[in-house]
Amino acid sequence: MTLSILLMVSSALFCIGLLAALSRRHAIFILIGIEMMLAAANINFIAFWRYNAQPQPTGVIVAIFAIAIAAAEAAVGLALIIAIYRHYRTTNVDQLDRLKG
Amino acid sequence: MNAANVWLIPFAPLIASLSILLLGKSRRAIASAPAIAGQVIALTMSIFAFARTLRAPGYREVHNFVWFNFGDQSMQLGWMIDPLAAAMLLMITFVGLCIFVFSIGYMADDKHFTRFFAYLSFFSAAMLGVVIANSLLLLFICWELVGLASYLLIGFWIERPSAAAAARKAFITTRIGDMGFFLGILLLYHKSDTLLFYDNGHGCLENAGLLLLGASATAIALLIFCGAVGKSGQFPLHVWLPDAMEGPTPVSALIHAATMVAAGVFLVARLYPIFSAGAINGVTTSLTIVVWIGVITGLIAALIAVAQFDIKRILAYSTVSQLGLMMVSLGVGGVTAGMLHLLAHGFFKALLFLGAGSVIHGAHHEQDIRGMGGLRGAMPITFATYAAGMMALSGVPLVFCGAWTKEEILHAAWRWPVSHVPFYLVMLGVVLTALYMTRQMIYVFDGKRGPAAHESPRVMTTPLIVLAACTVVLSVFLTPAWPWLDHYLLGERAHVDLWKIFDQTILISLLLVGAGIGLGVFFYREALRGRRQDPFQTAQPALFRFLANRMWLDELYDYTVIRAARMLSRIADWLDRYFWDGLVRLVGLLGQLFGIITKTADERGINSGVDETTVGARGLGRVVSSAHSGQIQTYLGAIGLGMLALLLLYAWLA
Amino acid sequence: MSTGFVDQIFVRLKVWIMHFLPPGHDLIASFVSALLNISGVLIVFLTLFAAMSVLERKILGRMQNRYGPNRVGPFGLLQPVADGIKMLIKEDIVPARADKVVHFLAPIIIAAVAMLTLGIIPYGRNMTPLSIDGGILFFFAIGSTTELAVFMAGWGSNNKFSMLGAMRAIAQMVSYELPLIITTLPVVMIVGSLSPDQIVAAQSKYWFVFTPWGLAAFLLFFTSGLVESNRTPFDVPEGESEIVAGHMTEYSGFKYATFFLAEYFGMFAISGLAVTLFLGGWHAPLSILRFVPSYIWFFGKLSILLFVFVWARGTLPRTRVDQVMNFAWKFMLPMAFTCVVSAAVWHYAGRGFFAWIWSLVIIAGVYMTLSILLDTKKKFAPRVYRFAE
Amino acid sequence: MINIAFFIIAALTLGSALAAATNPKLMHAALSFAIAFVGVSTLFFWLGAEFVGLVQIFVYIGAVAVLIVFTILLTRREGEQLRGFNWSGVVVALAVFAGLVWSILKSPSMSILPPEVSPLTVKRIGEVLMSDYVWPLMGVGVLLTVALLGALILAMEDKRE
């Protein structure tokens, strides 16, 4: 089982996340996509730690921090979505273009 | 109460003052309580401090600390207890307490009752700070706070223009002296690198420090003396003190009799080592000047006092005269004599002022002595206590403290090696003092019954009685037979020697006082039987007018100093208006000219170019902004593509 | 140990079965071992579930001054069999507008989760089915999945009552998960490990429930466990008089039985964890009593806790939703944090007599303060019930 | 055998992730997302990082997934057309995936096998977190607190209304 296969799985997960973030109209899917991309990154961290045989578990620690930060990000992001929904009565990102130049 | 804690003494009244201010205007009933409490606490602690100084003759304890650092130097402050400070503390707190109690009655109807007590406490705190200071800087800070308190209290009735003017006058006049004082401090610091008085041999009053001063000691002493002249109302800066009688009478008693004016004398006594640095036979240039200033002040003030009709004004000139006397004493080398007179004077002059206050209160705020008369019957307690104060001031021997101190001053003046002129002039002053006090007594209490008057309430008479008792009791410690207080200040042990009472000077003293009182009775008593006209005025109208108008010194200042100042300011104004303004206008014109040129250039040349640029920028912006769809997914896609590009670039480079 | 054989009889049985396997195939060996463990746990707890279901009804009956089930078999002991048959052959109704997949998955997930959490508990000496390093974390991580499953049940049913019940359940489970987890922290701190085996091993001298912080944490943990398993007096999510049966309203037949099973398994798991954390696991209370096999001790303690569950159900009335939530945030959470502090103090004061006193003082102090505040201060005090006007 | 497990896990993860990304039903997508994360945490288990796997389940299934379904409930609105799909995203995602795979295959150092290491205990993670990474840990603590408060304030009803 080589590292490259693991990395390919993680990049596939990353690209699925990207797909969710890019293609779906609903704002929550952007968040879900971002979570997926973060998880893909976490897989990479763990994989590099596992395949490197260092005494210091840096990859694991970074993954733990990344999960904590992702949780915070999800909480704030979902709160934002609720606030946006309350204000604009929609969660369709195509309609949320107040910043259009 | 050791030296490290001595700051608590001024702190108590300060806290009292702040708490009264916080109470607000409406809480009249309890406003005086914090002030009295603060004063009682300060008095108690002063007694402890005094007791501490009794441990050994010449006891001195200092506590110094660093206030702040600048560069590699530090500014140190400190406080101390020594006999001088302890005696002053006791006098100030005790007399202050009497005056505070008196004020409750005197100010009972005033609408700014709370403010008054806040100011009084503040003043008390500042004055106590002056006394305990072991650093010239701390002393100066408190000194200025005393000045501020005095300004506030003289101008207490701010609605009266005369009070406001008097307050201003007092403030500005003393400021002239303080300028000299401040310069003296700077010079002292420049020379000796320290402003601490005593610092284990490094202070500026100790031998090592004094050696550093060298020849500049005279200059420093004279500059600092300027401050003393201002604060203690010495000639030529005495003019503010009689005007300061515009304040409430307890203020006059506290500030202009007992304590604040004493600050100047205290300052000279405290810095005596600087004044006497390099003395030959006890004589230095600075001390000589002190003597002559004191003599002139004492004589002039005594003379003016004879021709005044305002009861408080007489007392004010008397104060100035007595301060002159103290200065003479300090100058001729009788430091302890001067200080003792200061302490004794604090008691009996406070007594006199409070008595005057009682009279004014009882006589419905009449201040002209011609309008009074025959108050002896109506106000027996006031009369008795006032008489005690009068005799103490005049120097009636044996049981009144003023006599002994005055005699010591005469002794000291006699021993002065330079000249005997001051001695004779002081003698003249003593006679005059007895004379004008007798005159006042006769006018106020004797003769025909004047307008209806009533005795003051208990809260006012009790302090009078206490102070009167003190003037008598104090004399026990001052007799030549057992000069305990004298030696306490000198730092020696006192011995009983009864024979010393019957020294020859007591005869002179008796003679002088007798002459003064006799002359007074002779002049006025007979003349007063029928009419309220001053016999002196009828006999010598021109001279009387000269004296009654305070030798026209105020007018002289008006014509010289103030006019000169006006002239200078007018010249400055003219210069400002025509010379400097012209220059400014010229510059302005040049600027306008330049503006016209640039405006033309702008409108013709640059503007059109800028316009073109903005049009271009706007067009560019329109093009670029179309890329901003406002849709987050577009941005995200762009980021994805950008990442891809970077990835490819990286892979290609690798 | 003289009683070693009886004590280790199940372990020996497993070893004996394993020795029939062909040697050299580690993977197969571990697979079979896992299978044996799982089947052991399932057999024991399914039996316990059956016994519990009938015993609960009988105990409740006694408490309510009646007999309880006594028709099927001797003393009604075959009642579970009858119930099982009834459930299996009942018609399985799925609402027409339900989200079929979600509706179907919800009971499966909820039961699977409950079973998984049973895996990490040490049932006796050397008798932990799944011995992993972060066992406690595993328990809570898997346990938190219950919320999602409950939500799926509520959502999938496409029914207002189901959704409301699910919302209530999630709200109270999320609220009580905090004290539940925080009260395990003192134990984890003192032992220095997340492994249940080591936690039990650390209690060989004394059980943690005999320390002040341990007692407080145990009571808080047990209360939170009561809420987590949605039992009376905290069965707000399935209150019959208000919202029919909460998230289980639209379930019938064997799916309903599965929910029931999950609830009981959850109860077993929480009680088992409480025994492990605070009541010394499989340790005997006195060293003289060591001759009794360890698993007997474990299941004895477990039975006592289960009885308390039933007892509470028979005694206490149902609380209101706002009361449940207020209790969680205003009392349980601060007390849970206090337990953590108290345990730390206990540790740094040397774990001796004075440590005991200090720990007690802290907990008693906070408890008194909270009680007074909650009782008197208007801001904290419970809502006063007013009659409808 | 182990490899087969890996492929099963990977297929499950990627499949449910794809379902999460493309399923038109919001709730089904969210639940698929949960399954995908269970898969990811299983992958962590498989890689020997048990602790991270448990934390992943704890945080994502216990908290984030519940939050997401709650948000879906709170922002549900009948008759809103949210099922559209943007095909340009697919193109971008595929291009990025191609680029990634190409660069992974191009790197020679990637095709290595894992070395034998002693298993990572929770105790070791705790020690490292409390010694070398104590400041980042505190930072994350503060971040979580701030995020909690921020989310609360954002989602709070406006008092004016």
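Chains: A, B, C and D, in written order; residue numbering restarts at 1 for each.
In this section, contacts are C-beta pairs under 8 Å (C-beta built on N, C-alpha and C of every residue); 3 or more make two chains touch, one makes a residue touch a chain.
Note that this is a predicted model, so its numbers are computed, not measured.
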Subject >> Shared interface partners, meaning chains that touch chain A and chain D >> reply: B
**OP:** Check B-D against C-D and say which one is joined by more contacting C-beta pairs.
**Re:** C-D
Original post:
Approximately how many whole Å separate the CA-defined centres of chain B and chain C?
Top reply: 84
**OP:** Return the distance between the CA-based centres of chain B and chain D, expressed in whole Å.
**Re:** 80
Original post:
Taking each chain's centre as the mean of its CA atoms, how far is chain C from chain D in angstrom?
Top reply: 29
Subject >> Centre-of-Cα separation between chain C and chain A, whole angstrom >> reply: 34
Original post:
What are the residues of chain D that contact at least two other chains?
Top reply: 51, 55, 63, 86, 88-89, 92-93, 96, 100, 107
**OP:** Hunt down the residues of chain A that sit against at least two other chains at once, touch-wise.
**Re:** 18, 21-23, 94
Subject >> chain C residues counted as touching two or more neighbouring chains >> reply: none
Subject >> Contacting chain pairs - touch in the sense defined above >> reply: A-B, A-D, B-D, C-D
**OP:** Can you check the complex and tell me which residues of chain D touch chain C?
**Re:** 1, 27-28, 31, 34, 50-51, 54-55, 57-58, 61-63, 65-66, 69, 119, 121-123
Original post:
Given the complex with chain D, which residues does chain B contribute to the contact?
Top reply: 633, 637, 640-641, 643-644, 647-648, 650-651, 654
Original post:
In the complex formed with chain B, which residues of chain A make contact?
Top reply: 18, 21-23, 30, 93-94, 96-101
Original post:
Across the complex, what residues on chain D touch chain B?
Top reply: 86, 88-89, 92-93, 95-96, 99-100, 102-103, 106-107
**OP:** Using the touch rule from the top, collect the residues of chain C that touch chain D in their complex.
**Re:** 27, 99, 101-102, 132-134, 137-138, 140-142, 144-145, 147-148, 151-152, 155, 170, 174, 177, 192-195
